[in-house]
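Structure first, commentary second.
Going in written order, the chains are labelled A, B, C, D, E, F, G and H, and every chain counts its residues from 1.
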């Protein structure tokens, strides 16, 4: 329903101005700011709270708003001590240590479930935090998540041995640091869409993930890419694709 | 079917060595090089010939190999004069001028058709070549392609007016140069996955598409991104997602 | 008038849907694309046609659309030979050679005049093209434009001698290449707002205007800056400020 | 009055050498350095003390000099503990926590008031410090400051809903991090001059404000830009423009 | 023995699937991850544990796995306090302070010895850590290692005086920071292969080893290069070359 | 023989000053400049003439000097037309078109032969020129050169099928553009030293070989690297290693 | 004589306003722009005309102005054909081909002579143009110029053999491209001040002189540096130092 | 005396091998490394100890070696606490707080004195540390040092008022951060050689001294430059020039 249609409907009295506003706006102004509570319904992905640079009190306030408006709060890049300080939130709280994510479900919250699978693949242990973040988010979107870890290209057999598992998944997030070759190798072996997730490992020239990002953008096969360490973006993009597939399933 | 399974099957006599090799390899060695003829069956996307840096004769030889092994040849980034020099190829030849792509279908070639839609959105006229390349490829993969052009954010109404069309599509490629804000704005308005395609317009600091790429990677919404001007990659990635959706449809 | 107000007015029958659309949209869809014809009324600055990368035919078509919808066509970065090829346009045509701009006024077009002055200052001859572009645009917006040229800081007396002229102007665009120090020196001497316009002169490290841009961004005085060689942006921003001042004049 | 005029006047005995020196120089040499006390009269903007890299004692000494020579001291980028250590200064002291600015007015100081409005717009909470700094400075220059916060482009309705407020302001500072698209979107909607203020949020490629700066420099609409996190520069430039407008008002 | 040969052998019953897998894979899946235990036999270089970003417990677990599977554990970039915490490992433990490497040999471990020499050359004291790392690794591979230190090019005599020693070695790693000229000077004087090892000393433009890396890549003589501070890579590459030479010796 | 030894020998009358000079200097001053004619004896690698930026006459003069002093002239990066203009040189002339190298052997020149093999591996056709240059140089040094082409990682089977050939070689140069993953994959499969040769293919971010160089420097396996397109350096370094191995052979 | 002194003198009638202006300003405004004719007397270095980006007519006009006001015209970076077109200038014309400089002396012009020597040292033939430019300028300033060419560090003997010549000079300009190590090596051997002149040779990472510039800035000995290819700046700076030395000579 | 001359003299028995070695080498090998004790006699500048990255013990040991071999120790970039820990050194110790330099003179050490002046100029307080380092070094070389501080270009009168003092000096080091325009302005006003010293102040794009360095390299007047914050290099280069001038004085 485009702008003109909405305006026509308002003119025709079929839509009140309030409804028109809500349909176009989709956010609730609260004391904690203009929280994009409707993001989930509008985009199919939950809003998350990015912890760095915020005090524990600010995170707690935002988490409460999230719980109130959506029944769920997801906090990313939060260390375990800070997560512990949030235990008083009213709901079922899980701290994913290897993803540095805190997830709170209000009592009675029904997490979504979608009939599609997301694979999260890593080259080595240095990739676990961004990959973990992607896995938590994809899981909260409702996808069935499969983790395939430690299959870096320095020893090709590791990834080749996982070929049948890789080929069963609907969409893949492949995380890699250093030279970032793993998503290219994986994407050459499967027919599902692959999202490259560059990781800020490595030192010297091209360190901090720049070589991995560049390599994935230059890949000689088909990949799309997110920013360095952007596990949340990789997980939500994989979730959107999985949702589209699940919606198409009969 | 993993490496071990294949080896077990060969050992058990259930698979001949030739079949095992074909299953693992998927390419045919020809005089024109090791052409990845099986890429389409392995990945669901056709192989293309990147024209820059090749002579007309080399392009012609590779196109013939492509026709022989897959029934179709796709040449990207080819200027009209060079395309004209390839008219002798045996098949139904189309030169897409605004995409700089040449497509040849062998007589009797049945182009694939998949029941999913891909939207190709541009901010302005400078985006048309990479966007056109993406459209041609997505179309050759069989998707139904919708073009929405000239909706740059300098005047928001242009994109808002296309909202209902944008929301009907299964997957979107959004091309933009300069500051590259359009994919962010579009992705904030739809629930389908959006692939950002940065375009090498712009001059000065951040010109040649670097600002657009950076902006899309830093987007405050969910996007995945391909390299600057990488219309082929955007089109194939959109095609893979569309194929996954189409395959899921009953 | 905000979104809600417009919706209220439509609901109240005070505004037709067409009027609401026009008020929000402000562009006309023509064959030549979605030309932002209303940019001048919406923003107070005329739309211009950026010639590089377009054929003469394309520029001509866009210029005709501009003439039809706004009574004026402004083409930037157009070489003299190409400008000559556009002589058939119906109107009063001026080619500004040292600005590489072509301006066409329809017969009867009344150029705006605003009671405010814009100064365009350059360090040396290498700055003349971007500075010229800024001057042409500010002039088309209706400002009274003063040029002060060749006052680079290698010999401070040149700029000090222009002090009284500099201090009489309402807003200043100061163009400089190489190390880009001139806007800093000028801004330390006047009370009018100064817009730094870095120019792509210079070679070696920091060449192509990067040193000038960096230096202006790092200026130890107050400046705002536009991109390298972005004479059009500098001229329109100066024009917007001049217009605001002129509007305030009794 | 240019150099030659001053020299003529001195020669004619109409100006003493001391007066000529003061007219050309405009600073007072104190023990604390050559404090540019006359900056306000010369440029219309107050001098400020940049706290980072200075000890509390150094900041205190400079603040006293500022109070003595101009009746006001403005300290930027000062943390609350350090600000607390400056409470002994003789005057009316305000610490703006969300701007990290300390402002002291001598007893009897009459803050300027100008009849023009400055809007300070932010995309999200990460932008508050630089935006706050800009707001404090514009306010000290005497402008009437309006804050519009949390209207990032991930949900367009937030900014569209503020349209009427945005259109009432004389000059706008628009702060944004990540991809920095907000100033472009705002500038496409208003006719007042817009100053883009890139903010050092974001991580990975283009993080620390580089993507935002690049995007604003490449903007497809008319903006001028200041350096990353340069709230003081944005605020003073907005103040200079507001002053020019106010001076023009009858 | 290629893929097809292995498959033929399996088919012919000459190779069991397990043997085929081991031949192709060469890694053992343990609880601590997919440890590339066979790296040494496959590549002739031992696997090492990169300590940064890992807890002492994680390093200890990986070191134990290394001891169990290969009889040796090598930990790089480990500070002395952390190394002290690993003293309980079962074996002969050496902490190389100036290389920040910990080496543990299981009781009865027979370190390899190869009949080839590796020279490790440094320009100054700032180069000692990466050079030390290279020396430890080359030594563990079994090469005879000669250290030549403090021969930076600011005083040419220092390096010229070492000429006869330099010319006796089979392969050289030359470490240098700042402008990184030493490997070029050395490589102009010897006939053995030289590997440049850029070091992250230096400050300002080109600091952190970027100038040294660039200079070695641009060398007007023949060098190959590793990344900044990549002592492990330089040492293993030198070890591989020394091994090839030693293997060729009768 | 070090500086002191030479000085001692001169003092003892065992060496004339002329001989001492020659031993230390190793170059002959000719009209064409200080030609490093002794480079081959000093370093084991022939001097080459880099054609870009030189006129045909200058190249011819240098080639004649090379023939006179060493019996051989090698010209790199020379186009076929320019090579044709050099046909009058006295000797056996070969133009390697796919390497853009011209090699001239004086009548009676005995090319060296060393008992070691160098492998030159490429990912695709875009790598052929730098790889060809490396092959010509390694061949002129006397190594037995094996070419393995077109085994890019987009289809892993291509490289896996060449495993037995790859494992037979003494030293490998692996050329790759785009994301540059091939040397990493190859080095994970063989025990010979591998030299990565990044190639300036690719476009957009990380184009012109920067991504390939970064990726090779960041490789998670052991590689040393040369600059982008530096086929001559890769070939000579491989030749030096091959020579060292050959010299060790009984 | 400071500003205050001049003002005092004017007030006292000891200086006319015209003289005061000339003393402070030192430039003559002509039709060709504000030519800094007095640069030579003010700074001891002649003004030069930078040819790139100017038409032959513009260069000729500026050269005539230079001849008229200073008796000499120096044009830099001018190709031989363009220089030939300037033969009609009234004076003694010399085109320095290997420096791309044109020098014209008016009939009767007495070139300055200073009793100090400037050495111009190069690593190889690629350095000749910037080094030649430096030599022409230092010579026009009146210094006695010594050229030492082709002493690159790939063969150290070349530079060591020139040691006694190098040590006799008052100031040295050392030009080098690629890794730019020569100025560091030379500066370690002499006590005269050394100016590093990086040259835009080299390709790949750090090409176009960036590695040479970085290396010289990072030099482990004492150097000052000019921009890439800035032969004019190196030559004038050497000339200023030589002049200061010559002035000090009795 | 060149290599050949030395060799001739040795052959003729006029020089012992030991003397020849000393003449060519000029360093003493001590336990603390190859200390370049003869740097002062060879180059006229004292060796200094760069403290960062060294322990207090290491600095103390090197300082003692310096005292023993040259009668003086100079330690740069040392904080006051560490300097205090070095008080036990045998000699006259001075800690220059605003330069972070420690200087120790052995009892009886006669500091050099040269009859030439070095000016050290700064733009603001942020420049004091690198400028102070330059001043201490120039002073230790024996030059008469004049400090001119706080004359940044935001208020031109500050520098113009110092003109007569600036014009009396033999050589100038001009330190500036942010946009780095001060050296350009000063060099346009004096005839002595000017060395630009960029300072790592400033934030955002071009921060950490990069804009200042670029601006000085691009200067439209004649400057030579040292690296960011390289006060030691600026001071020694100024000292070398001052020494050359002093030596020339009768």
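Simple rule for what comes next: contacts are C-beta pairs under 8 Å (C-beta built on N, C-alpha and C of every residue); 3 or more make two chains touch, one makes a residue touch a chain.
Please read these numbers as outputs of a predicted model, since none were measured by experiment.
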item	value
Graph separation of chain B and chain G (steps between touching chains)	2
Contact-richer chain pair (by C-beta pairs counted) among A-F and B-E	A-F
Chain of greatest Cα-centre distance to chain C	E
Centre distance in Å when chain A and chain H are each reduced to the mean of their C-alpha atoms	54
Interchain centroid distance [CA atoms averaged], chain B/chain F, Å	38
Separation of chain C from chain D, taking each centre as the mean of its C-alpha atoms, in whole Å	25
Centre distance in Å when chain D and chain G are each reduced to the mean of their C-alpha atoms	42
For chain E, residues that touch 2 or more chains besides their own	3-4, 21, 24-25, 42, 124, 154-155, 157, 160-161, 188-189, 204-206, 210, 213, 217-219, 221, 227, 230
Contact footprint of chain D on chain A as seen in their complex	21, 24-27, 33-34, 36, 38-39, 42, 53-54, 198, 200, 209-210, 213, 227-230
Chain H residues touching chain F - in the complex, by the definition given at the top	3-4, 7-8, 10-11, 13, 16-17, 20-21, 24
Complex contacts: residues of chain H adjacent to chain D	124-126, 149-151, 154-155, 157-158, 160-161, 201, 203-206
Sites on chain H touched by chain G in the complex	1-5, 42-45, 116, 157, 160-165, 167, 170-171, 187-193, 195, 213, 217-219, 221-227, 230, 233-234, 236-237, 240-241, 243-246, 248-250
Contact footprint of chain D on chain B as seen in their complex	123-124, 152-156, 160, 178-181, 184-185, 188-189, 202, 204-207, 210-212, 214-221
